[in-house]
Structures are given as structure tokens and as C-alpha cells.
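Below you'll find the structures, each written out as C-alpha cells.
Two complexes come next, and they have one chain in common, chain A, joined by chain B in the first and chain C in the second.
And now, the complex of A and B:
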């Protein structure tokens, strides 16, 4: 994993996560002949648990079980992202984790250096209390 | 407050990185002596960046150009990080990022306390213990009133509480692996932080500064102080538009026209990405007051069929999009401005581009680009939602 050439977008998102959002232990993964580059790392504090509607477990059960690492998918502001591309990203992660993750995080990079993060869930989710 | 304003006025004196006292009339007419006041911008990994402290300072303090790569706006990474990981605690220089963090932690604490009380409340209700329930309700009321702005703790109080909370001795072995990489010792053996932050410029900012001959750039990846080259405006232009098939409604060109328009009228123009618009306008700059205006660019074609056909134009004619945009912008107390840019005819545009391409390298390209930009016309409309039941005046 150590000698992967970082794509410019990946590099920007990685630095932002490490030194702006203070995530740790970020790893880079390449998929599909290096056409897709994903990041995997640990947030400063555990993010909200992902709850899918089909899942009957309580919140606390899930929190205990939940993975404290997250998958990040860097994407440029001017890039288009289709449903099947998103689906493919979930499938790529299955190669590493043996199952599709409940969610990934899209890290959208703007040309002024701002990066905005969005959860993308694998299906519908229950709303949470604010 | 006026003391603060005077202070801000004194450190952010110039709207552009031009030192007028150093100029004489000749310079004003024939361009600036750039070597006198050097700003270096480097293009690397598709990003325009200022790396050295001198250039960063000049760009930020004279017109608020760029954004700290690891900050919300002004580059504060080094100072922030020092306070975060080294045993240095000075309240006076707190950055806006740190203030937000303190306030958020306060809010989180409030939510936890509220949750605890609510749980007790439910329990007491089910046990029909009304005496205790009254007490809880009183506590809840008290907790909520502490959240009112006038009752909130001051920043200084929050800051001091946090220091007490994290008051344990500094231990370098407890740092994150990532932070450990930043710690270094200065010449006197004091611990310091390596500054890994650069100032990132939007392509329109880089082009604007270069159009005004305000910086020297270096496009090569291998940074070499001895061979600093100023690459031609034309090359910079093609770098910014980043596609081969150039059309008169090219996104970069239109954005640049709008950026240049507001900059020349004295506005401080920053990205509007967080408010789903193209730009936001500050009267003077971010430290002074919030941006009053949010600008959305709408290309306008001479032929109305083209206005309907063009994908970006049809997006912009979508009423749902319009309505949601207005919601977001008014929600952050800004006024929405639609900035219409008249797109020139393809043949006129192409003629001008050909003239630019055929220029020989020593010709002043600025004039030709000026002619190109003058093919575009701008007019703006301010938009505000009107509610018949409320807005009677």
C-alpha cells in the first residue's frame, strides 16, 4: 500500500482529512486498474452510525458494532457522478471488506480548495434526531 | 468596536497588492516594476499556490486573495496547530476555526445535558412521580435559558475551561502520528511546527493577478529559485480553460469576466461554493463584515433558441432550482444577484481568439485579451422574494 502514486485530488482530500479534520491513519486504495482511488481512515470522533431501514438493531448496538473507519471517494467539482459509477465504488470496497459498506463519503473538491463531504448510503436510511 | 475597526483598517490597507507610494507616473502608464515587490505563484498538481510566507502575506493582506488550504479563509494552520499540539496557550490570537470549535463543544455539552434530563423526565412520568418531575422541568427550563445568547458564557470562559480540562502535562509521545511529523525544533531548541499550508488561488484569481502583472509565476514542477519565469498570459489562459474545444460560453471565461467586473468595482470576490452560487461579494473583506451578496452567473445568448437549448441555461431556467437557491441564500442573510453575461457570436469570438493565437511571443498579450473580454457584456439583477402577507412596504 505504501508506494501508491497519489492522484492530485486524492492528495488534496487526504491532506484535508489529516490536517484540517484531524483524521488519522489514512490509507490509499487503488481499484479497477488504478482508475479509482479511495481513501480509508479514522475520524477524530466516531461519525454518526449508519442505520439502514431493513436493519432492526438499536442505535447503541450498532454503535458498538459499527466500523470506526470510513471510506472516502474524492471527486472534482466538475466531474459527473452516475448511479452506476457510485455502485461500482461500493463493489470495489467489497473486494477489501468482503461486503458492501453501508455508506461511503464523497469528498468534493472545489477550485478554491474548499472540500465538502457528503454521505452516500447504500440504500434508504432512517432519519436521525438533530 | 471602533478600536478593532481601526486596527483592521491599518493592517488591511490596500485593496490590491500594489504599493502606490513606490510608483511614479511612468510606472503607472507602462506597468509595474514587478521585481520590486515580488509575489510568486506556482502551478502544481492543477492548483495555483503561493508557498512562501512573503507572497502569502502580500496576497492575503492586500485584497484577500486566495484561501489557506487548511483553513476556512485566512491561512491560520500553523498558529492553530501550535496551540493544539504544543503547550502554548494564548487566547488573544484565537482563529475563527478555533472559536467555532469552542462554541460547538459548548452546544454538544448542552445537548448531552438535555438528553439526560429528558430521559429522567420520561422515567418519572411513567412512575407518576410528579414532585420530582417538577424539579426536572425546572432544571430543563434553566438549562434552556442558559442557551440564550445573552446568558451564554464568554469565549474567554470557554477557553479557560478547556485548558483546565486538557490540563495534563504535555507529552510528545501522546501526539497523533500525523502531528508528530510536524514538530520540529527551531535554532534555539524551542519546539515549533512546520507550516505545511499553502495559499490556494482560484484560476480566476491567478489570471486576474497575472493580467495586472502583479506576480511572477513558475509553471514547472521542479521549483527552482534561480530560474523563475513569467509564463505568457496566453499559456496561463489555456491552462485555466483546460479544454481544447473552446466556445464563447466557456465557463472559465465567463467566470473571469464576472470576477474582474466586481474586483474592478472594489469588491472582494470569493468563491460562493458553500451557498450554491458562483461568487460572494464582501464590501471590504472577510475580517470586516460578512458577505452581503451572492452572485450567480447566467450566460445569456443573443439567440433565444440557444438560451433554451444550452444545458447550463436550461438548468438556470428551472424554477425549483431558482426557489431552492433563493432559500439557501436568504437563509444566510445574503442578497441574491443574478449576473447575466451576454455571450458574443461564435465567429466574432473565434476571430479574436485567432488574433491571440497568432501573436508573436514578445507582443503584449494583455491588450488582445482586453479586446476579447470586451466582447462580453454584463448586467445584474438583484432578486428578493416577496411575501404578500408580510412585505407591505
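And now, the complex of A and C:
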């Protein structure tokens, strides 16, 4: 895993997460003949969970197990993102985790260096209580 | 006993419900619609509006295809019905018309009689005593003074309901639905309908999404009791349509700040064309198969970055 060639976009997001948001243990994964590059890491503080409308139980169990790692999908603001691509990213992660993750985080990179992060949940979730 | 179906009248580009009983029935089906009736000289804000109830196009399609309601055809249908009627049918219509005409004339005569009696009695009493009393006095002599008018005027008048058996048939309803689709966006509407029935199957109540810039907003229960949870946008083509990263930021940021989730949905196997729509077999709900191919993602601001 150490000799994976980082794409510029991935590198930018990784740097931002590591040094600005203070994430730890960031790993890079390549999928689909290196066309998709994803990051997996641990945030400084556990990110707020949203409840899934269907399997509430499995979700809370998963959180108790301390699975607080997040998947990051770096993407440039000038890129196109379709439903099927998003769906495909979820399926790629399944190859590693044996199941589709409950959510991924899209790390959107602007050409001025701004990076914004948005959760993309799989399916319909309930909004946070707070 | 089978519940009576809801009559959906399409006037211009609005689908309207005029009966209060129908509105109640729709509420039980989780179809809320929007009340739109008001008086031209005393216009009201939208919380005070009354009948008729205006339905979203998606609601109309859902109701018709699930046999909860039927579309009332436009005047072209009646013209055609007239031209295809036999002489016997026409005679019946004419008889009915005469009957109504006569009952109306009778009513008019009665009204006149009441007026005259009032006038005479008032003169006799020099205007003393209230008019109710006067009427009562009169009723002793005239047995028909108090004339009860049937509240269900629809029953006695030849309205759209009298012809229901002619157009509440699968083939005619399908044609009317096709026409409705053509007027209201065709296959674009079809994609919305799939999303609509998917959300409904997940026990959401659905309202028009203009308030938050989506196709729909979805409530976890009756909108009178709950705040909405979802702002829903429909992606027409699962494989080629760009969600748009700016839209993700827009939708996600707005939804999170109003304590909602921005949800997008698309059909993995593509949406059927409305032209291929058929009534589902009995005791099967609409798009049951298509719903399984529906993929949704919920977008929310991550809280950092």
C-alpha cells in the first residue's frame, strides 16, 4: 500500500485531512484499475452519526464497536458526478469491508484550494436530532 | 364493502378534489394535497384555505394507478358519448332533463307561494310577529310549505358521477392518464412518480418541495403533526445525469441548517415510459418492481472543513 501513486487530488485532500483537520492513520485505496482512489482514516473526534431509517440496530451496534473510520472520496469541483458513479464507489468499498458502508464523505476540492466535506449516506436517513 | 373511489377533476393544469369526504379518504391514504379554495373578494393566506383540494401530478398518478381514484374526463368525452349514444339513450337523458326541469319549476312556484303568503300575512298583522311564525301558520293549510331539499344534489342531477360507470374502466382511465402525462411533463413526471411511490412505501407523507427548492419534501408523519425530514430531488437518468457538486453543497448545506436531509434518488434500471404504463394486477401496488431498483443517497454537511 505504500507504493501507491497518489493522484494530485487525493494528495491535496489527504494533506488537508492530516494537517488541517488532524485526522490520523490515513490510508489510500485504489479501485477499478486505479480509476478511483479513496482515502480511509480516523477523524480527530468521532463524527456525528445520522440514524438510518431501516436498520437502526445494526448501525448503533456498529458504532459501539468503535468503527469510527471514515471513507473519503476526493473529487474536483469541475468534475461530473452521476448517481451510478456514487453507487459504484459504495460497491468498491464493499470489496474491502464485505458490505456497503453506511456513508462516505465526498471531499470536494475547488481550484482555489478550498475543500468542503459532505456526507453521502447510502439510502434514506433521518436528520440529526440536535 | 368496497370504498368509493375518489373523483379527480382536472381543470386546466390543476387536479382538484371537490368533496370533503374524498379529502378525508385521501388523508387516510397519506395523500394530503394542498387546499386551494378562497373567495375572490376575501382572499386568505394559505393556512385558511378551503375546498377544493389541489393535488400534485404525482399524487394523481399514484391514486389512479392504485385504483383509489379515477379521473373525470373533460367535455370531449361527453361530446363523444353523445355522438355514440343511441336514440333510446338520448330519450332517457331527455326524460331526466325534463324531470329536473319540472322539479325546479315546482320549487320556483313554491317559493313564489311562500312570498305571497308572507306578504298577505304581513299585511294582516301589520308587520307584527316574526316571519317564522307566519310561515308556521301557513303550513297548517299548505302541507308542502316546508320543502326539504336533498343535500346530496349530485344524486339527483346528472353530474359527472352519473356517468362514472362509462369512464371508470381500465382502458379509458389509462387513456385519460396518458393524456394527463402528456400535459404534465411525460416521462419527467414518470421519474417523479416512481420516487413518490417509493417514499410513500417508506411511510413518508409527501408535499410539494418548492419551500426548500426540491421536487418534494417528505414528512415522517402527518404534516400537521411533524416537521419534514427530507428535501427530495429526483435524478432523471441514473447513469448520465450530473448530480452537480454545487447542488450537493447547496442542498446539503441548506438541508443541514434547517435540520433536514437532502435526498436524491434515481432508478437503476431506468424509468419506464408513461406510454407503457398498465394497471397493476389486483392487490398489487404501483411500481412494486420498479421501487426495488430505486437508489437513494442522503446528503448532509459533514460538520468540518
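Assume the second predicted complex is superposed on the first by the 120 of 130 C-alpha atoms of A that agree within 3 Å, B and C clash if a C-alpha of one lies under 4 Å from a C-alpha of the other, contacts with A are read in each partner's own complex, and residues count from 1 in each chain.
The rule is simple: contacts are C-beta pairs under 8 Å (C-beta built on N, C-alpha and C of every residue); 3 or more make two chains touch, one makes a residue touch a chain.
Just so we're clear, the structure is a prediction, and the values are computed from it rather than from any experiment.
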item	value
Joint occupancy of chain A by chain B and chain C, clash or fit	fit
Which superposed partner A:116 touches (first chain B, second chain C, both, neither)	both
Which of chain B and chain C A:106 touches, first, second, both or neither	second
Which of chain B and chain C A:16 touches, first, second, both or neither	both
Chain B versus chain C as contact partner of A:81, first or second or both or neither	second
Which superposed partner A:5 touches (first chain B, second chain C, both, neither)	neither
Comparison of chain B and chain C by chain A residues contacted	C
Superposition-derived angle with apex at the Cα centre of chain A and sides reaching chain B and chain C, degrees in steps of 10	90
Chain B versus chain C as contact partner of A:47, first or second or both or neither	second
Chain B versus chain C as contact partner of A:25, first or second or both or neither	first
Shortest CA-CA distance in Å separating chain B from chain C in the superposed model	6
Contact residues common to both interfaces of chain A (with chain B and with chain C)	16, 20, 77, 116
Interfacial residue positions of chain B with respect to chain A in the complex	45-47, 66-71, 77, 81, 176-178, 196-197, 200-203, 270-271, 273-274
Footprint of chain B on chain A - complex, ascending	8, 11-12, 15-16, 18-20, 22, 24-25, 77, 110-114, 116
Contacting residues of chain A [partner chain C, same complex]	16, 20-21, 43, 47-48, 50, 53, 75, 77, 79-84, 86-87, 105-108, 115-128
Touching residues (chain side chain C, partner chain A) in the complex	202, 220, 229-230, 235, 237-246, 248-249, 252, 255-256, 259-261, 263-264, 266, 268, 295-305
